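Both complexes shown next keep chain A, but they swap its partner, so chain B is in the first and chain C is in the second.
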Partner chain A sequence: MSAYSPYLAAFTSRFLLMMQYRSAALASFLTQCWFGLVRVMVLAAFYKGAAQSDSTLPLSFAQAVTYTWLAQGLLALLPWAADPDIAAAMRTGAVGHDRLRPVDTYNLWYACTAGRMIARILPRLLLMVLAAGVVLPLIGKEELAWAPPSGTAAAMLFALSLTVAVALSCAVVMLINITVVSTLNERGVNTLVVPVVFILSGALLPLPFYPDMARLALFIQPLAGVLDIPSRIYSGALTGPMAWIGISLQVLWTFTLVVAGKKWLSYGMQRLEVQGG
Partner chain B sequence: MNTCRLLNRYFTLSIRSQLQYPASTVMLTFGQLISTSIEIISIWALFERFGTLKGWSFGEVAFFYSLLGISFSIAEFVSRGLEIFGTQFVRTGEFDRLLLRPRSAVLQLIGHEFRISRFGRLLQASLILIVASQSLQFNWTPYTITLVLWTIAGGFALFIALFIFQSALAFWTVEGLEAINAFTYGGVYAGQFPISLYEHWLRMFLTFVVPLACVAYYPVLAILGRSDPLGAPDWLLPFTPLAGFIFLALALTIWRHGISKYTSTGS
Partner chain C sequence: MVQILVEELSKSYRIAEREPGFLGALRGITHRRWRTVQALKDVSFSLERGEILGFIGPNGAGKSTTIKILSGILRPDSGRVEVAGLVPYVDRIRHVGRIGVVFGQRTQLWWDLPVIEGFDLLRDIYRLDPHVYRRKRDQLVSMLRLDRLLDQPVRQLSLGQRMRAELAAALLHEPSILFLDEPTIGLDAPSKLAVREFIKNLSQQQGVTVLLTTHDMHDIEAMAERVIVIGNGQVLADGSLAALRATVLAERRLFVEFAGDAPNLVLPGVHVRGQNRRSVELAFDPRIIGAPELIATITANHAIEDIHVEQPAIEEVIARFYDLHDAGEV
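Presenting the complex of A and B:
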């Protein structure tokens, strides 16, 4: 227990700090509501005008709608930027303090990243569930609303898959953080990471909608595990063995990226030049 | 010194300072080009998957998208000062210095920074316009070119107005409201699709409240020679970008009202 307590403390302090930013959460929530509504209406138009029947499409309309709302509600889960505090620590030289602490830097940063991420996800997700899952049906827009999980099994698998997704996403953020260690500036890497993460996670468009020839490649790449796999398990588009394969892929990628990140960080730290004076 | 020469001075200074770091400027512009391109990829994938969008083709949607993108990128090019007005001018009290100078505050804020990186989106949107007119086998005539320029001008006015609204909010809340992003970035997103797809309330909103449809959907119908499936009269369509300028006048009125109530925060 005591070996873990510094990381737990880092996690908790970061979590509680981020929970203070209520107005930021509210502003991004409003923007996401708007984007979600427009996306869902556009999808509805595509589905209504589709020549094919629902069954030949990779997702049913209800599944696509729920996927879209989940993507908006979980936007803070996406690993699209370096942890701003760690980036600032690199710029100012405060990273020297982290190096002096008798704890593993990777684990410490990972705990901070996770605390920040979960604190950013929770309020936005709850608000989005309330708006898209409760308010929309109440005003008579069931067909555009966020539906509950497709069943008990789906709900439990989703809970598992989402937990792994958070771990995986933190591992990706750590890779971005470590890039900042060697480049000292987060702006460049963030600019390049955002579009990649947006497309490959499924936040821009559910991955099954991309051309069929890309389907397998999109499924086995690491970022599918951040959003696409949990969302499809939730809505019942991935069930049974396929759901388990999806979760295994998530676990595998998390493990691989954590190991790779640890190696890379220790390499980067050996040639670290602390900034500032 | 008259207004134009002053703006020109601001412009030269800002561009020169960014060109001090050519590599960084090129990278940022390239990043803009890439990151603003992803939306069109998703639209393309949806058209690949579904074939058609209630009678609208990919080329037509790309046309809406590109004109909005061009107007928005030009507006973003000049609007940096307005965007950071709340956090960097009002909260710090720096705005008082602007007020002391014998020129309009909006003019000075626009002169604050011209962001070269926004050429990334401009380039991207212009390329999409070429792709769209290729795919529609569109016939460019002096009339359509004039209409396109007029539409872009209207869109530019509308987006500048949104940025002015955002900064004017800072007079009341000290910080600019980020929620206005729903109308700027979200507006570009909503306006790139034919509004006939949307539910009634959203169509009304995009026509009469934040008239994004008037600087994309309606004029592009006129440019493409289509009639509005919802029955807006054909003769009216080419005049709709005027709504962007009316919106700008409204924003400036609110801005002036805000300035008259302004009390400094800083020392």
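Presenting the complex of A and C:
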């Protein structure tokens, strides 16, 4: 076995460990299938009604359905909770050991967070593609199925956008982790974060459905880059220059949040108190 | 060569306090009361390369706080700290690459990983050369008898096994300084002996500087030539255990078993600590009356069956010392 860099080693170790939790992945996949179906049914009813009233909708029905399945498949991507291991380290004082390693603490935690997130996303996403993209068309529910990307360009832009989305989401999780440095318990901050992340990422309702006046603000806020921007690129709702603007926003927010997180963590570590023992 | 230098180190914590009961909890919503606890007050000492220093003191005295500052985890309020020429909390990353730390009450290994994978992860985290690492790892594995534990997840190890693995983990990167915070806590006798032997060898053969805290005075007697007693955040004594004993509790104990009923003994510099029908426990001050003289006096006048001299147990000396300095736990 060759030697890795410290951060890659931490990432790999966490990734491999998380990949062992197969029953958790299966359980959450089944839940997401159920919620996905309900949402798609609701969308179908909504679009039927809209067709009768002649109003124009920001996404086509097929785009909205695909957006919904993608959101369900990528649920583990949402930065809605602190990394449980890092939060536990804070609560028990094991954080001291992380400070004893000759590495940057932010980067170390970021690598662990990313390892956990990607290990959680992969099995759930693959199962969801299989269920909503392959099984649904096979049983004749083509109109409710997860459609392939709208084209080769969209597919490549989506791959790029999704990669940045993971980096961005980890940066948000890091901010939540760092909050725990001062609160010592992740429950409170998690409770506050969940509704905010659900609404602003587009997981609750695709962001284009919100009123016109809120659209611009919703597009440029950081959480759009977690789910809304990649999903719209995938379904072809965001193309050409707009897609590139979306990806640039994602990159900009990732960079900003990482820098902010690093500053905040080093401030928190100067005031660290490790009690007991 | 001075390896660790600590000058006038101070550190305080702020503790939120609450009055008891429901009303107290309500009042805490509007008025939070804070109490400042001075964990360290002007602590100064220095340590030479290859020395083993025992750090003792009652619970809450400031031992762990000192170790946490020296290892770069905490930042002091004031004072100067230098470890091998670096200020730990300023140059943290460079500093921690040169030290090894074991906290007896916590684990630095990964709970769910087999021991060997934890070691490999440490190799990557410390950016060790794979060949150097393998040699060091194999050496530690054989010295600490870890070969049969390597494939077990850390959570399945017994405390003694885990502590040996912790020591190996702290030494893989060949640190020149080792901080041990209660390394023998909860260990059985053979494990304690093994850990002591190992640490002593480390300092004698490899010149590793060791600073250890413990509540087990036998650890100190077995390993450390020098002790610092800390109480209420201050250094109360700094020297050898023998010197501490001489200043605090110099008295010796004489146990005599008589052939017949025990007599009433009245001798200068001697007092009776306990008496049964046929035996007596005497405390005497060796500066007033020496052991040979006392024994001669007794055997000349009485028929005895058995006699032996003891020093007060080291725990008793330390407890007396804490008492004298009012340093017991608050």
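One rule holds in what follows: the second predicted complex is superposed on the first by the 266 of 277 C-alpha atoms of A that agree within 3 Å, B and C clash if a C-alpha of one lies under 4 Å from a C-alpha of the other, contacts with A are read in each partner's own complex, and residues count from 1 in each chain.
What we mean here is this: a residue touches a chain if its C-beta (ideal position, glycine included) is under 8 Å from a C-beta of that chain, and two chains touch if they have at least 3 such contacts.
Note that the structure is a prediction, hence the values are computed from the model and not measured.
Contacts of A:Met18 after superposition: neither chain B nor chain C is touched. Look at A:Ala119: by the touch rule set out above, it reaches neither chain B nor chain C.
Shared-chain residue A:Val226: touches no atom of chain B or chain C. In the superposition on chain A, A:Gly96 makes contact with chain C only, not with chain B.
Of the two partner chains placed by superposition, only chain C is touched by A:Tyr4; chain B is not. When both complexes are aligned on chain A by C-alpha atoms, no chain A residue touches chain B in the first and chain C in the second. Of all residues in chain A, those touching chain C in their complex are 1-6, 8-10, 13, 17, 92-94, 96-97, 99-104, 108, 270-277.
On the side of chain C, the complex with chain A involves touching residues 13, 64, 68, 71-75, 92-94, 96-97, 99, 101, 103, 105-108, 110, 112-113, 117, 120-121, 123-130, 133, 181-182.
Against chain A, the residues of chain B that register as touching in their complex are 27-28, 31-32, 34-35, 37-39, 41-42, 45-46, 48-55, 177-179, 181-183, 185-186, 189-190, 193, 197-199, 202. Within the complex formed with chain B, the chain A residues making contact are 24, 26-28, 30-31, 33-35, 37-38, 41-42, 44-52, 57-58, 187-188, 191-192, 194-195, 198-199, 204-205, 209-211.
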